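Note that chain A is present in both complexes that follow, paired respectively with chain B and with chain C.
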Partner chain A sequence: MSLTEDKLIQMYTTMVRIREFETKVEEFFAAGKIPGFVHLYIGEEAVATGTCAVLTDKDYITSTHRGHGHLIAKGGDLKRMMAELFGKKTGYCKGKGGSMHIADVDLGILGANGIVGGGGPIANGAALAAQYRGTDQVAVCFFGDGASNQGTTQEAMNLASAWKLPVVFVNENNGYGISCPTCKSMAVADIADRAAAYDMPGVVVDGNDVVAVYEAVAEAVDRARRGDGPSLIECKTYRWRGHFEGDACTYRDEAEVQSWMAKDPIKRLREKLLEQGILTEDKDREIRDAIARELEAAVAFAEESPLPAPEEVLEDVYA
Partner chain B sequence: MAAVGIVANPVSGKDIRRLVAHGSVFDNQEKVRIVRRILKGLEATGTEQVFYMPDSYAIVGRALRGCAVSMDVTPVPMTLTDSQDDSTTAAAWMEANGVGCIVVLGGDGTCRAVVKGTRRIPLLPISTGTNNVFPSFMEATIAGLTAGLAARRSHQAEDLGYRSCCLEILSGDTVLDVALVDVAVHEGSFIGARAVWDVDKLSQIFLSRCRPESIGLSAVGGQLLTIEPQDPVGLHILLGNGSKRVSAAIAPGLFRQVPIASYETMSPLKAYPVLSDRCVLALDGEREVEVTPSRPVRVRLSIQGPVVVDAAKVMRRAQKDGVFVSTH
Partner chain C sequence: MPTKTYLQAINEALRQEMERDPDVFIMGEDVGPFGGCFGVTKGLYEQFGEKRVKDTPITESAIIGAATGAAAAGLRPVCEIMFVDFIGVALDQLFNQAAKMRYMFGGKAKIPMVLRTPQGAGIGAAAQHSQSLEAWFAHVPGLKVAMPATPYDAKGLLITAIRDDNPVVFLEHKLLYGLEGDVPDEPYTVPFGKAQVHREGTDVTIVATAKMLHTSLEAADVLAKDGMSAEVIDPRTLVPFDTDTIVESVKKTHGLVVVHEAVKHAGFGAEIAAQVAELAFDYLDGPIVRVAAPFTPVPFSPPLEQAYIPGVDDVVTAVKKIRA
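Here is the complex of A and B:
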């Protein structure tokens, strides 16, 4: 699948939008305006962006506890997202779900998920429905390295392969499950190795290279649409922030963080696009200004929106 | 007695060709088992010192945990970058520290990274990659025996196997990079997922060798003529509409019809221009070198590639010398 200049600019814009959204969330969380927990996606933008750039609104994704990037890349509404994080009535879950439950079924976003490894079975369900209905829809399951050790994920990969479901398992291996490095929690170094056990293709890509992610996911999505079944794509990446905002990160050293920051996926694409004349400094400024305005509007919307009323506390709550 | 080196690539056999073709997932635990057998083979030759490239999976370290050997097995002192540069760094260190033979576990890409670090040390390349034209499938125990014997001998190609040709990428007269088997001109501007599988995007292929039984891009040339790795001749193919079309296995299980506009043999005395001024060169199957209008490049066949150890040749010499035969 060839990448057009428009597509490259679109992917660059999406990555910047995710970065700027997360930076705002970081700021407002520190200021005490966002309740609950937030897990930021800064540093991993290329994975969600390269993946969702292949999908249509009719395709599905399942997300994780670190889900803002996935939702934005799939077209999520920044205003409703920000309002949800602020706990406001205009948010995606009417202010009662917070960061880890945002969903937009119309866009195929089947939800962020506070359960580590919760996405695989849901993606399988969506894919089974597509297979049953005979549509060409595909479900992408985003999951982390920690989730890769969960039984739910392994069971989902097994069943998806046994039933040749149109699922693409996109693993975001950022090197740590909370504070535990993968070398302490996994007997293998590459999660892609596990694909062989389920008779599906497993590949490793540079998760900080949006073009590499796009190319791999495009092939996996084509394969799924053809009815050839699931694939596993392991994207090696890194989260710049802690597991959650407030994490002291005592389990990793600054040199490691700096070495990954030097591989900033946004900077890499920006430099490449500038060098090729696809992006100019003026165009970049225009993109960033537009995103800043979008975010200002989203924050204003969130701040000005009402909290759910006390008498609504039991509405839309299922558990 | 000269030391033996081991470079085992932890990322070989995992790229996108498992998705776009039918490449095997070559898991690292299998590489661990291969290294154990290599170590046992080396030990049987009386090798006393082995140096190895450390890696994030600790392939050799894990091998040692399941296999006691009476040799000094030492990691090369180096800082890991978790990139192909590690293979290059380790190989260069081995050259500077008197290693007599390097066993390489990987595919064409891994061998290429090693050759960027040394062209002086003879190589015994074992296939654990995807497109394997340079390395061979062989039993690792025998590879260990062979490497142990090869490290004791001179580095003369005729004693050990053959001296392979390779391809050099030139910017002006400076060698920018090296490929062992093939250089392909990819009409794109991104390295991306690295592998090459869309032949419609290729405009030129340069080959240091080709045989009809090859896989990868050298299979394209292999349907036109045969060039052995040690032959001082290469092949330059211009892709496009012409009188010929070649059906070739360009990756495991992946056949493509490749239109041939023209082809010519390459002389080591001449450098052949890359005709696109903005493209990416794929070296041994992986997109590596970006070409821009400000940096035109040419490709030259070099007859000064690495010495490749021929296991059959070395083992038959050992048989003749009675190396493993004792009399009572």
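Here is the complex of A and C:
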């Protein structure tokens, strides 16, 4: 599969946007400006980016508690995301949702999710709607290694396969569900092996290689659009930060973290693109400056926006 | 008496019961070396090892089902669901299996299990991590439901729960984990079905659960300054429920305000109000008033969340409404 230079630059830009956004969130959470929980995506940018680069605005995704990267990759607006994290009225959910519930239904983003394993059945439903109406839309379900053990996830894969739903199950195997390493939560080494139980293709890809993710997802999306049913793609990756901000990470050692940081997905693509002359140092600076300005604007928007009024608590319960 | 936090009291109850009875063991997500998401099981893995403090995959159904089966087979599991909200994934194993086995089998099974789980709003954790769902559990025959509001009760009720031969849903309030109070070092039990009168009074009875007990005690202080004497009662367990203590109090005060953090609509306050109306209607000199959360999911943003959680003012206003 040959990716155009534009597409490669676009994916690089998206990964940097995610990294910089998350770095800002880390900073503002530490400063006490972001209430509740935040789960950062730093280190896993290639998965959301490579996957969403295959999709159109009409396609659907279901995200997770670690959702900022998925939302940005699917086209989410940084201003409204940041405002939501700050609990402001101008945020994606008017301050009602926060980090774990950001959604943009117009962009096919059916929500981050506070329930581990909550997304699979919903992705099926979106895919069912596409199949029902005869459109060529697909639905991608992002889910973690921990979520792969939930009944809901396994039920969703079975149903998707039995009904040949246009779904792509994109597993983000970052090695841990909070403190629990995959070796303690499952007996298989590869989550992709479980695809066999549902008679769907299951592949393992290097989740820190955005091109590899893109190619695997592209093939699965083609298959789904053709009406041949779902696929499971397991992306091996790693989260650099704690499970949530504030997690002391007592369950993993620094050498492991360092070894994965050496496989930084952004650095890898950057070096490759520089080598191939697709990216130059000047162009890189331009990209980063533009993102810095965009983020500055997003933070200013979030800071200057009003908080919701207390009586708004009663709104939006029913349609 | 030694001072301990609510969290330490629960931890101590678990440790002492595990020391006493080798059949007691713990299962849940991140309860092992990590010590639990809120730190409630800290140190237990180190003391009792992997066999008795078991980290599970993220599979709430399998956790509750395994506890049910192990209890049916004679062990005394204490399982943790990290947030009460996650019970949604696992309701069948609790409601249709654990709760009903004994009855369906004609009294031939015992399910001595405890399901510990934190509930409550106040940390900006939003709609899927902040609910108070006690009314759901209290609606299912076969389950017992405990809701400690103080460190003393947390330890004593948990020991009672572990020794009980029925499935007990033990609802901790996550904002109370840091609350300090007197807790004896030695093991002790607090009986189920026995309310506690925290403050005696003559003008109105306030029945409040979990964190709302403390809100109501503060409200009673405010009311006292206005010359109103409130009696404040914590039922401590919803199943079994101590109707008598509340009815006796209402016979004395002639007024009832019920306070809980769960949504008002179809909340447990409705049950309390109905019981008092059935048994002591003639003693009431005005309507029963409920103070509870509005009928909405729990919002994220602090001003919305604060508007959602019943506060001292809400309780004071409710009392003044019937004592104007």
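Keep this in mind: the second predicted complex is superposed on the first by the 315 of 319 C-alpha atoms of A that agree within 3 Å, B and C clash if a C-alpha of one lies under 4 Å from a C-alpha of the other, contacts with A are read in each partner's own complex, and residues count from 1 in each chain.
Everything that follows uses one rule, which is that a contact is a pair of C-beta atoms (placed from the backbone, for glycine too) under 8 Å apart; a residue touches a chain by one contact, two chains touch by 3 or more.
Predicted model, so just to flag it, every value in this text is computed and none were measured.
Participant: Once the two structures are overlaid on chain A, check if chain B and chain C clash or fit side by side.
Facilitator: fit
Participant: Is A:Ala309 touching the first partner chain B, the second partner chain C, both, or neither of them?
Facilitator: After superposition on chain A, A:Ala309 lies in contact with chain C alone.
Participant: Could you let me know whether more residues of chain A are touched by chain B or by chain C?
Facilitator: After superposition, C is the partner touching more of chain A.
Participant: Where does A:Ser231 make contact in the superposed view: on chain B (first), on chain C (second), on both, or on neither?
Facilitator: first
Participant: What angle, rounded to a multiple of 10°, is defined by the Cα centres of chain B, chain A and chain C, with the middle one as vertex?
Facilitator: 120
Participant: Going by the contact rule set out at the top, does A:Ala126 touch chain B (first), chain C (second), both, or neither?
Facilitator: Neither partner.
Participant: Kindly classify A:Cys93 by the partners it touches after superposition: chain B alone (first), chain C alone (second), both, or neither?
Facilitator: In the superposition, A:Cys93 contacts chain C only.
Participant: Taking the superposition as given, does A:Ala53 touch the first partner, chain B, the second, chain C, both, or neither?
Facilitator: neither
Participant: Does the superposition put A:Pro35 against chain B (first), chain C (second), both, or neither?
Facilitator: The answer is second: A:Pro35 touches chain C but not chain B.
Participant: Contacts for A:Met82 in the overlay, against chain B (first) and chain C (second): which applies, first, second, both or neither?
Facilitator: Once the two structures are laid over each other on A, A:Met82 reaches no partner at all.
Participant: Rounded to whole Å, what minimum CA distance do you find between chain B and chain C in the overlaid structures?
Facilitator: 18
Participant: Of all the chain A residues, which ones make contact with chain B and with chain C?
Facilitator: none
Participant: Which stretch or stretches of chain A touch chain B in the complex?
Facilitator: 2-3, 183, 188-190, 192-193, 195-196, 201-205, 209, 211-212, 214-216, 219-220, 223, 231, 233, 272, 275-276
Participant: Can you check the complex and tell me which residues of chain A touch chain C?
Facilitator: Listed in rising order, the residues are 35-37, 87-88, 93, 95-98, 100-101, 113-117, 146-147, 149-152, 177-180, 184-186, 250-251, 307-314, 317.
Participant: Enumerate the contact residues on chain C facing chain A in the complex.
Facilitator: 29-30, 32-34, 37, 55-59, 61-62, 85-86, 88-89, 123-129, 294-297, 299-304, 306-308
Participant: With touch defined as at the start, can you tell me which chain B residues reach chain A in the complex?
Facilitator: Residues in contact with chain A: 10-11, 14-20, 24-25, 27-29, 56-57, 188-194, 278, 292.
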